[in-house]
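Here the chain labels run A, B, C and D in written order, and each chain numbers its own residues starting at 1.
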Amino acid sequence: MLIVMKPQASEEDIRGVCQKIESMGFRPHPMPGAQRTAVGITGNPGPLEPAEFESLPGVAEAIPVSKPYKLVSREVKSEDSLIEVGPAEGGVTIGGRELAIIAGPCAIESREQAFGTAEAVRKAGARLFRGGAFKPRTSPYSFQGLGKEGLEILAEVRREFGLMIVTETIDPENCDLVEEYADVLQVGARNMQNFSLLKRVGRSRKPVLLKRGLSATLEEFLMAAEYILSEGNYRVILCERGVRTFADHTRNTLDLSVIPAVKRLSHLPILVDPSHGTGKREKVIPLARAAVAVGADGLIVEVHPQPDRALSDGYQSLFPEQFESLMQQISAIAGVLGRTMPRTTRPASVPAQL
Amino acid sequence: MLIVMKPQASEEDIRGVCQKIESMGFRPHPMPGAQRTAVGITGNPGPLEPAEFESLPGVAEAIPVSKPYKLVSREVKSEDSLIEVGPAEGGVTIGGRELAIIAGPCAIESREQAFGTAEAVRKAGARLFRGGAFKPRTSPYSFQGLGKEGLEILAEVRREFGLMIVTETIDPENCDLVEEYADVLQVGARNMQNFSLLKRVGRSRKPVLLKRGLSATLEEFLMAAEYILSEGNYRVILCERGVRTFADHTRNTLDLSVIPAVKRLSHLPILVDPSHGTGKREKVIPLARAAVAVGADGLIVEVHPQPDRALSDGYQSLFPEQFESLMQQISAIAGVLGRTMPRTTRPASVPAQL
Amino acid sequence: MLIVMKPQASEEDIRGVCQKIESMGFRPHPMPGAQRTAVGITGNPGPLEPAEFESLPGVAEAIPVSKPYKLVSREVKSEDSLIEVGPAEGGVTIGGRELAIIAGPCAIESREQAFGTAEAVRKAGARLFRGGAFKPRTSPYSFQGLGKEGLEILAEVRREFGLMIVTETIDPENCDLVEEYADVLQVGARNMQNFSLLKRVGRSRKPVLLKRGLSATLEEFLMAAEYILSEGNYRVILCERGVRTFADHTRNTLDLSVIPAVKRLSHLPILVDPSHGTGKREKVIPLARAAVAVGADGLIVEVHPQPDRALSDGYQSLFPEQFESLMQQISAIAGVLGRTMPRTTRPASVPAQL
Amino acid sequence: MLIVMKPQASEEDIRGVCQKIESMGFRPHPMPGAQRTAVGITGNPGPLEPAEFESLPGVAEAIPVSKPYKLVSREVKSEDSLIEVGPAEGGVTIGGRELAIIAGPCAIESREQAFGTAEAVRKAGARLFRGGAFKPRTSPYSFQGLGKEGLEILAEVRREFGLMIVTETIDPENCDLVEEYADVLQVGARNMQNFSLLKRVGRSRKPVLLKRGLSATLEEFLMAAEYILSEGNYRVILCERGVRTFADHTRNTLDLSVIPAVKRLSHLPILVDPSHGTGKREKVIPLARAAVAVGADGLIVEVHPQPDRALSDGYQSLFPEQFESLMQQISAIAGVLGRTMPRTTRPASVPAQL
């Protein structure tokens, strides 16, 4: 059920609706839009009676929601969500005209490696820096990340280079630590249905980058995001990173058709990860171009100063000069779609929003 | 690296090898076999020198392990592992001649529902009872289990019916609670690569039932088990429950070929879940027969007294009388393979083993 | 539309219904059953009016068919089809209690190889012999079969060993030649949607073994069979041979759940090919056991006297002594399901049927 | 084996090499390049001795080919192949700077429908017209195309609108008829491994558009093309049209990563079919943009004047005005990649080539 408020409804009207919902034992989710506010309801075991709400002051109408996901749905919020990352001054907005570019190594290996990469990707125009401190690895004997030391290096990268930090959190307890350092909490593909972790990041005040699972359907992907929103964190950024198929010429099969499919059903922004999506360095740039052309809101790309010496994913990491070339190539395509490349400062005119 | 001890090696010899390994900063895993003990080494960043170990007292030879998984490998332990579940007196052994049959509802819904099912499945011959208290559900708005109340009902089932309890744990913190109640900790398919959870159950003293992920390769499946063993818990039971493919006549595609493939590479037992593996009640019995015929060590089956009223997975749960029929049908096939159906008490002759 | 005749309807009544259908420009398919005859109609562009038929003499009722496939559907024919192969005297019936066992090499390589294999598989109890004379191969540079010479060797095998011959036809023109030699025309997985070939074998008087395509859904599989029946050849035997998935521990993923799914929807018999289904010799026997246990009507298995020297598929061919062991193992399981192993002669009591 | 001629080698030298190859019982494939000619050898059962060829006049070197495919490989021909379609005067070249745009209805339904579509797509800039006269359909009861009447309508479309005709051939015999009418013979996805058909079109003098099979690996796709080249027809245009996966938000999963993968391994051009690749009208334009951005040599798109009344694939056909919009959008992206949109006449400067 979605309660749509009248354009002229007051703050008090909205509060009244929320209290009514809470008094019924459910959870209200007020979502301010450009024209008017809507209030989503979750926690109800079955359909509710519209009349119960339509008589409240300031309510325009009460609409049943037909999808299994509610809060992520365009039925509930028709405009694109703009997700603010970083400080009010100097942060970036994901989901608007400007492409979001997140770049950096798979894992943080040393201060030197992180700084070298950060300098290169900032110079090429990235505003966000990726790098894992806690790495989920298929083998228990593989390098699992530097842990807290890695987070501290990331904090230094932010200070030194003004880049915002995107880094992975791997379980609810670990999230307590990671959210102290990260600007964006990443939930990895293998954790897309780790519901305990989804609920935990849903209670965080940091935006969340949610990667699509290796064999997740579109509905499961949106439901995973719904877990986060239903806990009260509406700042979710989706990310396509390739799915598992029979095809063996790439590590995963990048499913770019999911971008327009998400845009049709949900108001959340969606990025593409052509590095994991292909697993092969020479395919990253062509697929990055395609991702921008298909309408993605940005990219997350692995860059390493010496890919051959990387402790993980070296064969899919770009050399810094390749990343620079990627930025130039997508810049031209962005223009065709009426989008812009990342700027140094967020313009004052973009309104703060859900 | 695997250190194989001489048949006549003493306890002290084994301790000596372990101390040597620890002194090098690595982790020893002594694994007693029928003839002699082997000591696995984990934590070493690269290959070790066999000569360093072959001169120690009681050592027969030091063998490099060629697979990415070590402790789960037949290279390290050639005989089948027998996993003891429940009390020394009155428990069951999984992986031997006797088939393991785990049956019960998807989720514990009430004391009445649990008791009704327990009575039926015990009567039909099951020795282990399944039932979720914490349910990972695709939607945040679906029934998520009774939680602690469910665990308490499960404890009552054990007391009343003498069934051993298999129930799912969903995150490391939750595991503290679940392991107080469960005889076997279940790790669900969606958590197969939740490495924090794998490490946590690896530190538990309860056996673990590890379900194959929806798109897990055999190697990834064995590596997930390796995470558990590498933390010191060698009592891991694998479970095939269907993988995700294009095929749409079943909910998942049950991959029975993984049973002989696991048996070839690993000493761990493997069960089959024909309920999730097909998602359709009328296919559970035929596929259960096939699972026993292909060589699985047992089954885990959903049974519900009133499937049409089940809060989850009702369409794939058997009626109690169907479960009885299933038991009769597999009993005949078990005989063909030289296996036996569950007995009431574990015979004294089965030696306690890894 | 299906016209169900009364039990006491005369031959003339049936002829009258067929003439009525033809006069409307459509095609009648009279299908005699144990109790009464039904007449299927194909070629009609849309739904027909039941009343047009229900007034004809001998008609019990006219039933619209709800599936996209008609003639293969249980809606049209509720009893299992029994497919007669080979001569009236000394042939076999597929789809009844007796399991059908087809065995032989992937390709016919020489008279010596064919005779050696034929002798071994006959001795072990097979009644049907497989062997390709025309081989569809992924590479144009691989051995493509002996062609007509291979067919002549197959004819000799039939004469010498009394085995019925199952061999592949690869295009409509080639079918003219192959049907002179074969007892059963095989349509390979890669040709499952070669509709020109399906129509051609649909006009043949020989039974057809139709293999499921590598990525065919159940509906597509049944529709491919429908192409054959709609041309007038009702003797179709389906065959599951593994589908293509991400899993890499076998060459294909054998989908045994399709057996009960086919049985539910169609009256046609279905076999399993564990050789192509796994692509690995050591997995053929366990999966053959599972196939019989799940309810398949028989098996098609690759056997070669010297698998290591085979010109194709050697790594998945059984040694003759392994085939003998397979026959013993499935014999015991067949008994459990109330089925019998192949006998030397078809008993006179089995009635000739559709 | 590949025989590379010296730049100054004479026609007679090349003929000498071919005669030598033929005298050994193999087949020579002379392939003129921009700098010099290479001669591929097929039909040899095993490796050949380089020295046998290196002593012949005009031979630079003899190089063993390491891939299972030879003639389609970049090892054999390093420059991109330019495929000429249509008359010398007024035809188009596929694989060069100019994008190839093939547009039209799924099936030819009537002269009126074909002409209406042809006028619209020509106006929007397409130079090639698609439309099926023989349609492979999943159901025997679906519309199978107008047959020869459809081909005659296509011939009229060519005469009236100057568009070149791309149409499907469904079996070797049918090819005799279709090649009289078509400028490009299309081999459909379901026939990608119909080897009889591949050999037949390999003996045609018309270029071939080969669609990737629903579950074809890259190697199988290239091997299918190799079948055509090995028969002497070097004018093969590949086409990605989506593969079958678990994903259900599109009819197929368009695998754009195969474009750079093909470009790396083969000299053949490759197009993308976003209509079948997605199966949903609203996704065709975004994926068409992505296809051009990733580096495809062109598109094949379904357009229908009244999609809702189409006899097949209506839900994935664009309205004419949508196609016009598609052309404008990809035009801008083509510019970014240094490519041009189709022109009315082929410039004289493009040299005729393999």
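Here, a contact is a pair of C-beta atoms (placed from the backbone, for glycine too) under 8 Å apart; a residue touches a chain by one contact, two chains touch by 3 or more.
For clarity, every value in this text was computed on a predicted model and none was experimentally measured.
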B-C against B-D, pair bridged by the larger set of C-beta contacts: B-C
Chain located farthest away, centre of chain B as origin (C-alpha): D
Computed distance of Cα centres, chain B from chain A, in Å: 36
Inter-centroid spacing, chain C versus chain B (mean Cα positions, whole Å): 39
Euclidean distance of C-alpha centroids - chain B vs chain D, Å: 52
Shared-contact residues (touching 2 or more other chains) in chain C: 215, 244-246
Complex contacts: residues of chain C adjacent to chain A: 244-246
Touching residues on chain B, where the partner in the complex is chain C: 215, 217-218, 243, 245-250, 253-261, 264, 277-278, 282-283, 286-287, 289-295, 329, 332-333, 336-337
Chain D to chain C touching residues, read off their complex: 42-43, 68-70, 136-141, 170-174, 190-191, 193-197, 199, 214-215, 219-220, 223, 226-227, 230, 244
